[in-house]
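Letters A, B, C, D, E and F name the chains as they come in the text, with residue numbers starting at 1 for each one.
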Amino acid sequence: MTRYGAQFGPDITFLGVDPVDLDDAAALAEADVVVVGAPFDGGTSHRPGTRFGPMAIRQTDYLPQDGSRPHLALRVDSLQDVRVVDAGDVEMPPGEIERALGALEQAVYAVASAGAVPLVLGGDHSIALPDATGVARHLGFGKVSMIHFDAHADTGDIEFGSLYGHGQPMRRLIESGALRGDRFLQIGLRGYWPGPETLGWMAEQNMRSYEMTEIGKRGLEACLDEAFEIALDECDAVFLSVDIDVCDPGHAPGTGTPEPGGLTSRQLLDAVRRICRELPVAGIDVVEVSPPYDHAEITAYLANRVCLEALAGLAVRKHGISHDPAGPLLEGR
Amino acid sequence: MTRYGAQFGPDITFLGVDPVDLDDAAALAEADVVVVGAPFDGGTSHRPGTRFGPMAIRQTDYLPQDGSRPHLALRVDSLQDVRVVDAGDVEMPPGEIERALGALEQAVYAVASAGAVPLVLGGDHSIALPDATGVARHLGFGKVSMIHFDAHADTGDIEFGSLYGHGQPMRRLIESGALRGDRFLQIGLRGYWPGPETLGWMAEQNMRSYEMTEIGKRGLEACLDEAFEIALDECDAVFLSVDIDVCDPGHAPGTGTPEPGGLTSRQLLDAVRRICRELPVAGIDVVEVSPPYDHAEITAYLANRVCLEALAGLAVRKHGISHDPAGPLLEGR
Amino acid sequence: MTRYGAQFGPDITFLGVDPVDLDDAAALAEADVVVVGAPFDGGTSHRPGTRFGPMAIRQTDYLPQDGSRPHLALRVDSLQDVRVVDAGDVEMPPGEIERALGALEQAVYAVASAGAVPLVLGGDHSIALPDATGVARHLGFGKVSMIHFDAHADTGDIEFGSLYGHGQPMRRLIESGALRGDRFLQIGLRGYWPGPETLGWMAEQNMRSYEMTEIGKRGLEACLDEAFEIALDECDAVFLSVDIDVCDPGHAPGTGTPEPGGLTSRQLLDAVRRICRELPVAGIDVVEVSPPYDHAEITAYLANRVCLEALAGLAVRKHGISHDPAGPLLEGR
Amino acid sequence: MTRYGAQFGPDITFLGVDPVDLDDAAALAEADVVVVGAPFDGGTSHRPGTRFGPMAIRQTDYLPQDGSRPHLALRVDSLQDVRVVDAGDVEMPPGEIERALGALEQAVYAVASAGAVPLVLGGDHSIALPDATGVARHLGFGKVSMIHFDAHADTGDIEFGSLYGHGQPMRRLIESGALRGDRFLQIGLRGYWPGPETLGWMAEQNMRSYEMTEIGKRGLEACLDEAFEIALDECDAVFLSVDIDVCDPGHAPGTGTPEPGGLTSRQLLDAVRRICRELPVAGIDVVEVSPPYDHAEITAYLANRVCLEALAGLAVRKHGISHDPAGPLLEGR
Amino acid sequence: MTRYGAQFGPDITFLGVDPVDLDDAAALAEADVVVVGAPFDGGTSHRPGTRFGPMAIRQTDYLPQDGSRPHLALRVDSLQDVRVVDAGDVEMPPGEIERALGALEQAVYAVASAGAVPLVLGGDHSIALPDATGVARHLGFGKVSMIHFDAHADTGDIEFGSLYGHGQPMRRLIESGALRGDRFLQIGLRGYWPGPETLGWMAEQNMRSYEMTEIGKRGLEACLDEAFEIALDECDAVFLSVDIDVCDPGHAPGTGTPEPGGLTSRQLLDAVRRICRELPVAGIDVVEVSPPYDHAEITAYLANRVCLEALAGLAVRKHGISHDPAGPLLEGR
Amino acid sequence: MTRYGAQFGPDITFLGVDPVDLDDAAALAEADVVVVGAPFDGGTSHRPGTRFGPMAIRQTDYLPQDGSRPHLALRVDSLQDVRVVDAGDVEMPPGEIERALGALEQAVYAVASAGAVPLVLGGDHSIALPDATGVARHLGFGKVSMIHFDAHADTGDIEFGSLYGHGQPMRRLIESGALRGDRFLQIGLRGYWPGPETLGWMAEQNMRSYEMTEIGKRGLEACLDEAFEIALDECDAVFLSVDIDVCDPGHAPGTGTPEPGGLTSRQLLDAVRRICRELPVAGIDVVEVSPPYDHAEITAYLANRVCLEALAGLAVRKHGISHDPAGPLLEGR
């Protein structure tokens, strides 16, 4: 699996971190996190454009692309205190979803089996199937719990006559046994999909889905507390899947299936930071960023920061923390 | 009054519900809710474009236009558990406001007198005059209270030399006796209009207006509790008028007179759902969606969801509810 | 210093207030607040466009440009109850930052020494250096505290080989002695800049910076309470510097260096209102509004309202208040 | 008729020329050209927004708003060699088309009867009715020919039940006798409107309409030669009405009813320049500029330049020309 | 093959013509032209979005959606003088290109074998393979010549590891024998693709490709004259494939692979009109319209007009013409 | 002068060509053309944004970034048949124009003195001063003629109190003696600037400026023929400066000072190709591309193609040509 580079646009890396080739075992062995681009929108049911997600997430910043991001509140460097490298994109032809997802699964598995955390930049949410499967192949089927931020449950059965697509990966993951339904935590659901039959199937799997009404009443922190407990029960690791449409369209317009009434960007960033700091995260994907529908890059900025908060959380988990992020920023005051 | 169809664009219905002709008494008699398009921006004082509001609100969704929307939290179908049909647009020439508003009043009255709830898709807010008048003509002048979400009081007297326009409908409604000033509940006001004279007139009418500072201090829920009590005092029914600019421009940029510092979309959706679930709503309009100023359709999505939350609330009111929307989404967890 | 007019576009004034010439001592003497345009983006490190900020902030409104804005909640007129005039733009060539900032400092000093509050419309944040210096030259170095809303600390040392730029003004202000580091209150910081060295310098200066994590935990009101106390300790006056990027990009996309996870527009408006009402504000700037990246003018609207809330606060401070802005809007209810 | 100022936005004048009050007879008497804003879109059949046309056309330029525009090719100053003043807007409520058009006719007539050329900035094309009528009332019904650039004939009879609107002014002008059908020259027509009945009516009036197929075959210059001859036959003056949609949508996207396959902007500018230089133009309007649909102001720039080319042509007609605009630009080469 | 309706959005027809079901043999038998939507962008190599092409092309117009379009220059009705019906979309899952193209081929074949002209609305250019194959299956392999407007030759062999995609259909058509290489006429090519190897293959097939340099030198009309002769040699019918990117990006920005230096929209419209009027056209597709990248709908308008000009040409071919479209528009002048 | 990389965004090269360090004499010696990025907009008088020009021009393409671009018409590879390398950006602080231009001049001189052609990607047109000076320092003051495509003469004296800016470089170049006024060829001028005084100065220098009226009458080819003759008279080399605003805003909206009525993109591409093929071009800059004002990247595409046409012309000049670009594209037909 030689380095492919970029399917669309120039071959850049996430904010300037070092590139890596997935065939280079020595390089992988030294990495804590490996960024993988999944420039795929062949699974979208409505507005496309997520093929340009990896390109946008990698480079959207006003700071230099220098492979360093000192986190103001946590006092770790998101790109230095964990060793982050970027494997480039996986080639994913939009019209050949099975081949595309298969190639991605191989790449994710290569990363996971090298002991690193794959950070997959989508791409539409159909990639969660190979992302989580690739991790589970290494850590064991049924051993990885899922924390899934999304407006949608993504547990559809067949759409447009196909088993694969961005509304279905979570069903496939449970059906295959890669993930346990009763260790599946969904946060931010809302709207008018899916219907009763699918909800019935989800209940049968013992999935735990936090709809926005519940989150509004109990508070996101309390929901996370509960979810963390479930996630760690009999599972060794957590896969974190962040669909950017979990946020309100006002905060994340550049996505394919926006659903009003979502989280604020502040809520999402804090939650991602906390998850990666407190839980044994073994894989991450950030999906559904669609640059053609973005404005002033605000959705791409948000997704870039979701990655940086996740990485900062991993860095704290690795190195510990001496500074209280909720206290005064500067010493002495 | 034969079916006119669409003033702009193809003749579509709200998310694919059945069309209806306002002359078809039998069909009307079976309906719970009749959608009416009011594609009018001849009453706008600044940015126009709301003529394309009905077209946008009807079709903005990523789900199939199949006349079914199962509500995730409430477990009712917004389009099936109430019988929703769509009467198409009323022809409203932009340059002839009195004729246009008169035609709309006739259509709304036809719906109301058939026993159905008119759901009018604006259009600018000048349509609230015929909308609420049409309902009050059926239920009785003074018998319908008003819950009015808006950044603006819309109680101006004369603008650009005219009695009619989107800043004045609430004054005309009270002056005509269609609605009682002391059963007029306004939620979300803010900004720098109107001036003292108009505020004096409003106080004389005993209107109850919740400005954002009060909402911020007391909380929206508490304000709604109080408003509900007033609304039900000596009135039999409620008209719900939702100006999308009640939301912050970050959540609803596609409108004509955006005023920073408004509600979040989550707040608005929850409030609308609650109103239609708890109060005897007899008419609804959703106004001031201006697609030319929208981005990535986020304002149109929000307005579409305002309608779906209202319809879901009506469905719960009709059928009751067994599921606690603030509890776990799925049974068994 | 004869009136320059407008560097870009027609010579308009802030919402139609009277123009003033900075050489006209009599006119200045009567003014409470003098608007000064600083159409400069030669200090930006990334997306430019703030040169069009003054033009946008001055005129973005749906109401008539008539020099009157009755504040709904506070019951003062933002433009009448304080005497506001507009001195036009300072000519600021984008490629000559030292000359440009020097000319602005002279204009601000002329306003301050006439006893009026300068309200400077940026432009990028490099203008805070001349803005606060101009005020401090009149009121005394070390006598003016700073309340600084921003996503960024703006305490960088040298950028692109230059001492001047929008990431550095706060360092220059402290280094010169114009402002005291221990009376520097920063609100809304977040993200991944600056790094440890600069934070060390800031701590040495005894700056007090409220990062969003702290604000999220303690609440903005509590942070402001504390900040007010520090601000008034041994200082006679306050300079208020509002970088619009303190708000979340969803609320303020039209800016150069957007950082997700910020304040809502409601929070910013309330805070600015409170500051100008409760503290002896002697100078204000509103910066980093970049119209080319705005959508539907929502960022320009927000900045215009930041000015109007500040002015309303000043008016209340001058005239007192009889109406409780958090109570019912209308008398009798 | 006291100066109204601006219906939308600040009270600016065309590129900084002096303002004038239509009641100020002395000032009018000295003017060659009086700009009049007609911020009206109550006559549009599809996309609105032309109410912001006058504001955009007046100020869209990268050069200073200093009341001077030296024409590079013609070596006259478009704003100095003819005396141009700006009367501001006529108040035109969007919902009251008859009242609005009546007020405009009065303003145009006031200009024409003072001996000046009205240059009316639209607004939608319904304003051509009062524009040309106002001129004809002064110069005599039937004495003014029309040169009409447009994709559309604008000879509809009744639309949305109304006699007035942007598709009908030319019919009303001929019906009233203000203009002669056989001195009506239309340039740039194309597309799929109007149908046979209206074309029959047009033929009966002996109108001369140059569809793009004819222009493509014969060349625009030859068509203009012929049109000029007709225009001057038994008529004393010419009214020039420029609908910006005569240009291809690629050159003028910011308009309400774009029709592909139109003139280039170069063709339009040259034609307008030539008409005003060679014919006795007594009135001009520039219409259908819709800023909400514009991009990067290119349509507003084009309309601004249409005005400047017209004015330059008038200046040449007044002062003569010594420089050959098609020869080398600079002397000596 | 029961009517599928619309894959995205409401089920509308091309400008309001009657719907048809491909299983309804009687209805098909009466049709001259059957519109088929191919909402597919799974074959795009860069910017996606053409899945929304059919929806945009069908409805983008400012005129009523009434199934009638009287052609101004040709004096035929594009939708009435040929009997046009609309079969809705073919369901084309973006991630399953072979299945999607296969389903489309069946639909096109159904139309062609019923004796009607399929007018396929793309969709990306990968659909040309099933479009032309479907027609050739009915009329005979090698019996249909191709006139292909495009910036690109679309004769690539394998892209992203796939035989199918929008850069390859023309090669597949020739390889399969559906079309003859020496009856393949390409118009408007330019740019930097394909390379020598592919050009060599094209030369071997005896394709005739008119690059923009040749068109610029000889004129488009002369090139068409020559192309028509080739097209009719030993072939009975012509397939017309119009990639909207043959036009300059200034005229058609809403496309995936824009290549500067193309035709004007006027040139394209005239050419299409002429082809359908003078040649025995048996099938048409209009492809590569990508609404997410469009502005003010100008690309969608152009594509809609390409259809209308084609239909008008067919109508003239069917009914003859009495009016000279390059002569005066109106009789008597 | 060590490689700086990129001032904004990731360190990419022009379409993937190899990077080079200006200090690497050996690498420079092998290069035919060296790309230099000049990300500067500190010299703009109106809309900024050209700082992002180099980033956009380098990567805007739908083809792979693989350092190869086979030219369809000329049958040379624009990036292979001349050896093109990319030196990255020069650091140009926006607020320090003299320092910024000085640094650029050094970089250009380094390229020119190594015997390569600098291809400078702007940036605003103020960079033409260092660009042409850097070349003239190597080849001799007065020995290089200038072919300058632009809507504007750029011969202003002092603007905003500064000698430097994008309206003045051509004057500074002639004043310093770097270039001869009588070997200065300007193509595409139009509009309303500069005024008589500056035109007088230009005439004194014996500049030859082709305004659009002359180009329209004589044709661009004839003007170029004449210009070529002047350019080669007593000069050894030519500097080609392309301001993208020479094109009509419909073809190039993404620029700071758009002037309607310009060249088509086709005209510009053909002219640039011809110049580089027929004249001894020693330096090139492509300026005034402003991505914030672009739409769908069409201006960036145009500028990228201007570079590719120039390079193709250089390749033909180096290698000769066997294929007639105006003949049939493919052999055998």
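One rule holds in what follows: contacts are C-beta pairs under 8 Å (C-beta built on N, C-alpha and C of every residue); 3 or more make two chains touch, one makes a residue touch a chain.
This is a predicted model, so every value here is computed, not measured.
Student: Which chains contact both subunit C and subunit E?
Tutor: In this structure, the chains that contact subunit E and also subunit C are A, B, D, F.
Student: Using each chain's Cα centroid, which is most distant from the centroid of subunit F?
Tutor: B
Student: Out of A-E, E-F or C-F, find the interface that copies D-E, where copy means more than half of the contact pairs are identical.
Tutor: Over half of the D-E contact pairs recur in E-F.
Student: Rounding to the nearest 5 degrees, give the angle of the rotation that lays the CA atoms of subunit A over those of subunit E.
Tutor: About 180 degrees, rounded to the nearest 5.
Student: Centroid from C-alpha atoms only, then distance subunit A to subunit F, rounded to Å. What do you get?
Tutor: The computed centroid separation for subunit A versus subunit F comes out at 43 Å.
Student: Find the geometric centre of each of subunit B and subunit C from their Cα atoms only, then give the gap between the two centres in Å, rounded to an integer.
Tutor: 38
Student: Where in subunit E do residues touch two or more of the other chains?
Tutor: 46-47, 248, 250-251, 264, 293, 295
Student: Output every touching chain pair, sorted by label.
Tutor: Pairs of chains that touch one another: A-B, A-C, A-E, A-F, B-C, B-D, B-E, C-D, C-F, D-E, D-F, E-F.
Student: Can you list the residues on subunit F that touch subunit C in the complex?
Tutor: 7-8, 41-44, 46-49, 51-52, 91, 93-97, 99-100, 126, 159-162, 164-165, 292-293
Student: Which residues of subunit B touch subunit C in the complex?
Tutor: Residues 45-47, 186, 189-196, 199, 202-203, 206-214, 216-218, 248-251, 253-254, 256-262, 264, 293-295.
Student: Along subunit D, where are the residues that touch subunit F in the complex?
Tutor: Result: residues 62-63, 68-73, 75, 78, 248, 250-252, 264-266, 269-270, 295-298, 301-302, 305, 308, 325-333 of subunit D touch subunit F.
Student: Which residues of subunit F touch subunit A in the complex?
Tutor: 6, 9-13, 16, 58-59, 65
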